[in-house]
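Here the chain labels run A, B, C and D in written order, and each chain numbers its own residues starting at 1.
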């Protein structure tokens, strides 16, 4: 059995769902999952569909789908082979909690993904990469060498056919060099409940403001700092007894879980992005 | 524009979604919502669908749908006119918090429902019913008069074409007389995180056990006490500083929100029940 | 038995706790609750203490405490008679959900408080006030009459010896006229997770930003808009399926609970304020 | 500076707090933390206190404290040197998620603890122990060898002066041999929201019951299965779309966080146990 995932979006119109499900049926496919969302403000229709086929040719499906449906409804669409593991590049810096967490999940089979390599601007986490048998590239970044470093990062990603990048507490701002090559494909974890506490040292700001709840946010990276489409968020209660160090420690748990959640949504092709917002099909 | 909601379930088979969406399209309907779930353990397919029609006859739709699809797939199905407000009977006892909460939501238009009357085995809450201009029936219940009281309750429900019943901290056990007439249509709020602390005085049991989190559960009433299909649950953190009274006070907030959530799911026809479990389409 | 609550703060010094507990013992008091917090950044010591006395004179306790301890440690302190119900003024506008919620709690005895009156700039909620037998004052507010209106509000508060004011979705900005008379004694509910979405229409902003969690924040009113000391916060998960109206409906539940929680902390004298942050003794 | 933590409990009586704080002051100690709780049902007074001393002899403090206070108030008490790291034995089986999580925290300095060794009834997790440079003892357990295996475990614990034991998804039932030697010093993580779903396969039971929230519970091990004093609990929302495998995956995150939280409370001597319930001083 071949299994595919389709993501479709277009202007909202009558008959799209019937046309698409019909097309699948006429091609001897069995729909095993369908979900859709209409953004009434934007008048945009989005659909996610999984289908099984006994006999399947990706080539001919694509060509038929295009001629029968894409032109008629002016669709934008993506198709994925469900069995195909996405390739994920991991960027880290000195903090190890998200790295341990992700590699632990990877090791236990929780993440349906390949991790061809880990990149870091420091050497500290190399032993962790090695203990999980994942190649580790140390690419230092300074103001002067940033462009060069990103070129090197990009080269590695291209060589390994990387599908998406995860910034697992990578403490550098990523520029257009990478962002334009991986639009809505670079996942960051920000250690605050966005849009509160954008930028550096959010736990210090949270402490100063005296909030009773802290949070973490995973989002796609855009050129606007910490302003990209939000994929996942979580929060935890805190109190006046929490020092900044306590907030940071508590926050680590949030960061780990929120980043892993966002990655799982992405890996399972459950995310669609419109208008700087995500649709997460459940 | 006429708008309908369809709920369908049957054995999982190839082509159901295409057939149904096709049927809608052939009848000039526009699907505005579709969601489905396959229970792999039971091999059961469930679908919820909303569709708009410019011209619509409920009669002929039902007859066509039956002849074209229901027999072919051996479906069980329900159809609802989205504009038709369900009629809800409210059963209360002496506690007023759920009653105030529900009537406040009703008053503000948050609940798409009619409340033809309130029934209670005590007279205490009559003034609240009156302040919201809702008829209040005092039907006392004792061991000896229980059967008679339920007959009276049932008679009122029938007279007013009640669609579903809400037990808003109604402190009596309801028997088959009502349950059989309203299967999966009697919504109860239980003041614990089921299946923990079934039965009476759950906050006392929670206190004794020293739990760090308490909960509330809304479920459909079946003949098994507190064992019916769960519709909604919520929890709150507590600590050793909480007395039983504190647990009860905190629990009231949970009860209000969980019951209201369950009612909204039911009113919007988002709930399907199988095998003593609910599917809540979002 | 007389029961008092003491709140003390001063520069952190050796021996404060022993001196104070000693003083209570020497005055034949039995300490039934003690909690303290040291703000290491500010080097400030805060303590909350409850004590029972068989014989008690507020006058002489105050005078002894001052001469023995206050001068020695340069304390700022407050003393409360636990049996004395604080007097709370309720300010509302057109939204009724917080009003219903608070009056329901008040009615059931959950809030240890007196509510001498309700003030509103609109007449809409008068019937609710009346159904709970609480005097309702309609004081319209326009740009031109704002100063006059606040003078009237203040006069009412003074006449009734109001201890603190609750803005239960009162949609007006309160000025220094009231703030200076009731420092850290005006409790507002803001319908966002502060410091995110300060100001008007936070649910609209949350929808636009595509957050996955919304919140509500109760804080003391200061002259900085929505920037006063935070007393309580809570959040709820949302998704792309939520319209702005859905966010608003979900938010109402948060607002009710968060405001009630903050009021209970205040009523029970559990809150101390330093440096624009609260300490909430549990 | 020497720093100690005191835990005291006795029948509730007048003057305890003053007497203890006085004693500290007379011994030139500075109290930096004090919290207390009175269990009104049991009439038991509990207190936790941290104090700093410039000059300090544990010997003489103990002897003085005993003669001045312990006899007078019939106290039970414990004293801890804050600088002394507790020694924790880790028992695991085949699941690695809690092990990775705890060792990651340990490595980063988040846990103030020594881990002299890891014991397992299987060899699978040995490489993880080695990558963190912690001795790993493989002690197989069968029905027939259980007594012998526990004797070996106990011997190791004694040799290394183990203070407490953590069962990090150790899938064996521990008997009196260990429990009696480490009363309220064996911490287990149970993968359900206790008291719901006691015993084996709680996620399967949760799936069958159709709960909308799952949980995890960390508790001290007693001879009653899964019925010991609860230290920490947490929950997560789930839906009908979750398979049993999804519940298990989501549950792993809860287990990690709840177990780590319980261990931190224990390490920081924040837990007191009475009547099969815990007091967690914050």
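The working rule: contacts are C-beta pairs under 8 Å (C-beta built on N, C-alpha and C of every residue); 3 or more make two chains touch, one makes a residue touch a chain.
As the structure is a computational prediction, the values presented were derived from the model and not from experiment.
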**Complete:** Intersection of contact sets, chain C vs chain D, gives A, B
**Fill in**
When B-D and A-B are ranked by contacting C-beta pairs, first comes B-D
**Message:** With centres defined by CA atoms only, which chain is the most remote from chain C?
**Reply:** A
**Request:** Could you tell me the distance, in whole angstrom, between the mean C-alpha positions of chain B and chain D?
**Result:** 42
**Request:** Compute the distance, rounded to whole Å, between the mean C-alpha positions of chain A and chain B.
**Result:** 37
**Request:** Return the residues of chain A touching two or more other chains; collapse runs of consecutive numbers into ranges.
**Result:** 239, 241, 282
**Request:** Could you please specify the touching residues of chain C with respect to chain D in the complex?
**Result:** 14-15, 17-19, 21-22, 24-25, 30-36, 38, 237, 282
**Message:** Please output the residues of chain A touching chain C within their complex, sorted ascending.
**Reply:** 37, 40, 193-197, 209-213, 215, 229-235, 239-241, 243, 276-280, 282
**Fill in**
Seen from chain C, its contact residues with chain B in the complex are 96-97, 100-101, 104, 107-108, 110, 131, 239, 241, 249, 252-253, 257, 260, 282
